[in-house]
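Residue numbering begins at 1 within each chain, and the chains themselves are lettered A, B, C, D, E and F in the order written.
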């Protein structure tokens, strides 16, 4: 089996190319549930919603490309190297004297909450602004552009940059995938809803949590059908998880598309919750972009997400063994 | 918000001062459940019942002072530094050529029992004896003196030193808090009961496990009311925990005081059981000493204790996030 | 209590000697469930079915001897030192320029499967062949010879070496203990069944999983009595485990011997599943070889195995505390 | 030997109180000289010029107080706890939603340079501004106020805050100690020189490197006497180090005061260069403030600094053994 | 500054493409000089002569491509990811059920020798054979093909594969770079010399140690000029190092090309000697391929190599700070 | 090459048996030169003068046996396992509720002294007393009994036990080897000299430092010849080391025996100084006991000792590579 230079393919049909746009950060986390206040050392990982999705997509057989802005220092190079390691092509602006965003994670078990201390203000990625990238070239041959609401939350110019990207993609006939990903620490629900409404007219596939959905409807419950209709979406993917008992989750991914619905389910033991939503998006897109049946896409999303809960850090690694066929049949390495 | 030099206060009313008296030890524990017999390295922590309580009280907004005896070497200084780090004032006798007590912990999961190998014989703290401290000065302005039965078990002179301290406190109108804390490895039930009966006449707030209670009653069941009456206690705090399933505890703290009763409940996943009782005492005292309702005190004890089960080591760190308001509303840092 | 030079005994009766024959490997495993694909470092352990059994037997009061072949390098010496550390005498052929077998373990939690990557081809132990050992001398005074199906799977000459050993033992009146231990990565069911049928005529005590049993019966269910009769076994020990919930096992060891049956049961939280079967064999043999009641032997097997699930690595460490008496009453150190 | 509650004293004469004002940061450093670009984890330490000096002074027998501004989160609390651990009283402003300054250290050996990646922009300490502290109260009873040029470099308002502090100290007759500590990454030589000239009129004891001295003289060589006269200093302490061979330093501390000069010398193997200048200041002040002979002060500075080069992290620990008497004769713990 | 998708360029002129062909292995090494015989865990790195050279070249501004054969498992994917991380394009054959070569390193200081325990027999890369790669396509646009004698030592078919590659390159006008890299553990001097004589007729740039040179001359000293003439080389690069004192090296790189000679020199403290020769080749090629003066190429080789001695592992990281300009002026990230 | 059950031999002549008698301790040491006062974890090793010597002798081809007393707990078992791991037979008294001696090591580099904090009071080994062992049986077939002055320093009864052992050996014609090993922390020079004078009349081979020698002569210089004559020694081995520069030692072992003298020399880089003297004794004995030339014995002592300075911990591992032949030609594994 040969991996070509151009990237990755495993047959006659070219693997779809997904282009992601957004920030990646350095994650620092004490081992063994130690409190951040007195841990002796911190494990270093790389994370970021869109990049997490691309890393998983790359392992699920897609070609991937990440577009972002990084500081020109050892930590920035670390992030770029992380993307490349998993076969993600990079298109980066290197900012002299910039800084990488950071987040400190303190893992807990019930009743101790996992804590996240973000330190991402004024990061190089927050300086993203329209006009920095040649989107026409970057999207050439792409099957999808994937963005998330987090980038919109980094500031007005970053939000404008997202709009520029999705507009260009939509105009070029490239499918736009958007994960609402509302984060209460970054902005208010009102600001988020306003930003999302600028982006959604260009979106084809929308990922949302139940909370994200209510936010679009100004706090009231809303049916998937209505959201689809309102924004002319091709597909709406809603991910729920319920904690059956401490440390065990039931995951459910409900997809509505083309007048049909499908639900994928999986269970997971929670070792590390980070990245689970990002990988659900990857699982879904890896099937959706090759026109797999809706049920398979929903199941792939749920299973990939369940698997992510069992992996320390934000980086998905493709599963092996019984019950993982749905996730590995189109995988190259 | 300003932290004053004098210590800690966050309002017009002065925070209560709790003075603790007892031994602290160095805890050595392999990471990752490895057997002590072949672990390659040991994590170093500081622990000790009264100091654990003070460290938690300090984070719960009280002023605290620890009175003890330490060897004048790097490990003794480490213990003193640990106390200070959490804002605990220290009054210490430094013993030349003394030794610090040690305990080796080997964590287990069912059916493997967590093992503790104590090596605390002839420690500097076991040389505590009456007349070593100016208790009048040390208790000035204090809301409570907190001791435990462990110190009484260190030897006859240490037990005498406890009696001296509680007598002085009682005479000065300082509330005496006492955690029976019977340890079968240190002495016999009979010896413990005899020692406790010397101390209890001076005690205002008594912490006990169900086993401790029976010990006071020579092995038979005994009602809280009768214990309160026998020793003229102001409050009796009994802490029970039941293992619902391996690794999950139901915690119940029953308080009887002033003819009334209250029960606080919480649940916990067990990562590390050490210090859970000490922190329950802190939770209770932090509310009791500011005349909070009994229910709040019982709940604070249960919640603080539950949280302690989720923290590696013996050192409580104040919780954050939903459901922890009860423990943090009066916290300064 | 004195440990004699000759090895270990704690009474007037000599402890039984068990001689084991087979391969040991170096195990390399990332800490904290990290994926092998990007873990920064690997914990080093020693493992191997027969040696695991001997290490447990040694701690359960038996005299033990391990016969094998190792490369003459630091890793080979490490394995030999591991055996000696636990009081196992060694009879080793040192192979110049040989290699030690390796296996890489990636621990998972549901739904992530624990992965094992074997790298044991062409190991020094796979060069075992008849005529290399003076079995007459090695088995002198032995109570049992313990082998497993894994050695038969290492190659034709290693299988012949097993046959040589069991033949010699049987001829000398030494009980032969054999753990079928079918491993699908090493050979086909057909090849295994053929090899087992060469060994079983000499076997007295046979350990099997339900799958192993079916394999002997060409895939159909088979009663213990029929297996006993077919191969003239003195005892058949079948070990089952059922996962009640993720991470919790019910273990059941069913023994059939001398027309009687007994079942031992235990429960375990799974930290590390390796060696659990090997230690069940040790628990059984430690009782069986001193003519303990069948029920005690079955229970010792189940309890020792349950305990092994809670220990990182492949090396059993004798349990302590309530409920472990069955495993420690004849233990020396 | 008793340590009093008030802090530390070792005799009839009260130990001098040194008040320090400035920023402390979290230091993150890979172990074992690993490159930051791919290190798996980072050791966590606390560092900051003025706090480093205070921590050493505290161990050298002085009373100490640290005045600063920290974010109200786990990392801010960690820094405060670090100061307290070493017996440093703290007067802190807790900034909600602030951030702690960070620096990443990558240790090198020749010819690989040790790299420092600062990430301290917009830290809580950079928001220091005049009027935030009651300097009259904080300096009461103090022997010295210690500041450094680094605080002036944090921004205009922080520089104003330094001027406010030194003015108040000078007016109250408290000796002002100032470490020029020019850092080329924080500002230009011109900006530094201008800021220093605002502070120096209030300074009594000035610490400088040869480069710092030239900076005061606009790049030309300048004699200590002239600097003393220009700024009416009571003492000028210049620290030089020369690398005799890779990893070995000759340290020379030249003191000029009251028309006299003295030189202290020491040698050091370099394990970690951080904090060496800060500790030299502590060594000097610990002797100078108790009116020790100039030679002893110079020697204490050189020896304390030499010792700091052998300690990982920024935190001095008092030396023990032959040749360290000069540093420990007045030490309490 | 923008990094293009195609790879890396920083100006109008395209960066040269270097294609490397050879094996990479997993390196396992105890931390802190611990003996392999009892180290508790091993650090995991990736190493391999040609890949080490490519990783350095990539950081020195060249485009790079690695051609090899890997097992289709987590360790094989780790190696591929390592190459990609540093911007090296990969052309890989994935071997089902293959194995990755390993080497265990035990670091020593004088008089303890650093030990290397190779376990690379029957690795996937040793199965390289002619006809497996489309060299015409892979070398398109390349400035150089880089191979080493190690690949020739893996077996007859691997040696044939090297000959195939260099023949194709030579025919296509691509410069052939060859590092003799004699390894006494892999083959005899006679076998090596015979293999080298098959390759050298196609070589343009030859890297050698003094020992390698003598080996070409059947054990006698030989002048660079004679070697150049014998094999019609364009450049001969000989690297020597002398240990001035334990742990300190003088490095000298002597280049002879086009009738001229140049020598580059550097000094290094030795932390980890692995990869130093590979990186010298990278330093030289990075200058030679852009027609830099011979002196600059020799100096770059010496400096890059010196820097490599200070980095744990086999992976060069570009230096920063004073004195490293020669290595970083054409670097992109 | 076969290792026999009886232990170790590699030829027709039986390897000499050395019996050692003395205490072993657990050593706890922070990694990376961190101060004990704030290190996060401690590496665990086993050390003890006589056991260190036996472990090295075992690797140098001798049969070895260790006689001691240990607590019956996980740490005692660890020590016993350590001895066995290196092929040392053990004869142990297991003390219920005893404690293992501990020492905490804080490694330094100049001018920071390596610190050792002993915590060995009341250890199980300090309870050694005459009559506990059947020395006649234990010394059967032995070539030598090896003791050290440290055991004499553990207390009067331990000193008596040493006298009992050496008397029995002398009477049985077993050579007595004694390492004076004066430790100033354990006793006074006077007490040591008195104890040594009780033992030396039975000693054949005496190991001493220059300081030890002076101690025997009441502080004055003394010639080896005179010491030999005074105590009727067969051989006197004096070990000196001089620090040429920080971290580099010149080692010199001067042997006087049978009217002849020889000196062995070696150089070492110091990573960890512990055990260097113990291993020198092993190097000497391994040659002396097989009647090797005096020069070889002196050289083996110096080389083995030099090598020990390069190994973390107290456990010698046999060297490999050029220049180590003198130490490995009779080694079995």
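We take it that a contact is a pair of C-beta atoms (placed from the backbone, for glycine too) under 8 Å apart; a residue touches a chain by one contact, two chains touch by 3 or more.
Predicted model, so just to flag it, every value in this text is computed and none were measured.
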Intersection of contact partners for chain A and chain C: B, D, E, F
Mutual neighbours - chains that touch chain A and chain E alike: B, C, D, F
A-F or E-F - the one linked by more C-beta pairs in contact: E-F
Distance-maximising chain from chain D - centres being C-alpha averages: C
Distance between the centres, which are taken as Cα means, of chain B and chain A, whole angstrom: 46
Geometric centre distance via CA averages, chain D-chain C, whole Å: 62
Whole-Å separation of chain centres (CA-atom averages), chain B against chain F: 45
In chain B, residues with contacts to at least two other chains: 31-32, 35, 37-38, 40-41, 77, 81, 115
Touch-based graph of the chains, sorted into line, ring, star, complete or other: complete
Complex interface listing, chain D residues touching chain C: 40-41
Chain F-touching residues of chain E, taken from the complex the two chains share: 31-35, 37-38, 108-113, 115, 246-247
Chain A-touching residues of chain D, taken from the complex the two chains share: 28, 31, 35-44, 73-75, 77-78, 81, 99, 102, 104, 106, 115, 117, 119, 121-122
Residues of chain B that touch chain D when the two form their complex: 1-5, 65, 72, 76-77, 80-82, 84-87, 89-94, 96, 138, 333
Touching residues (chain side chain F, partner chain E) in the complex: 31-32, 248, 266-269, 271, 303, 306-307, 310-313, 315, 317, 319-324
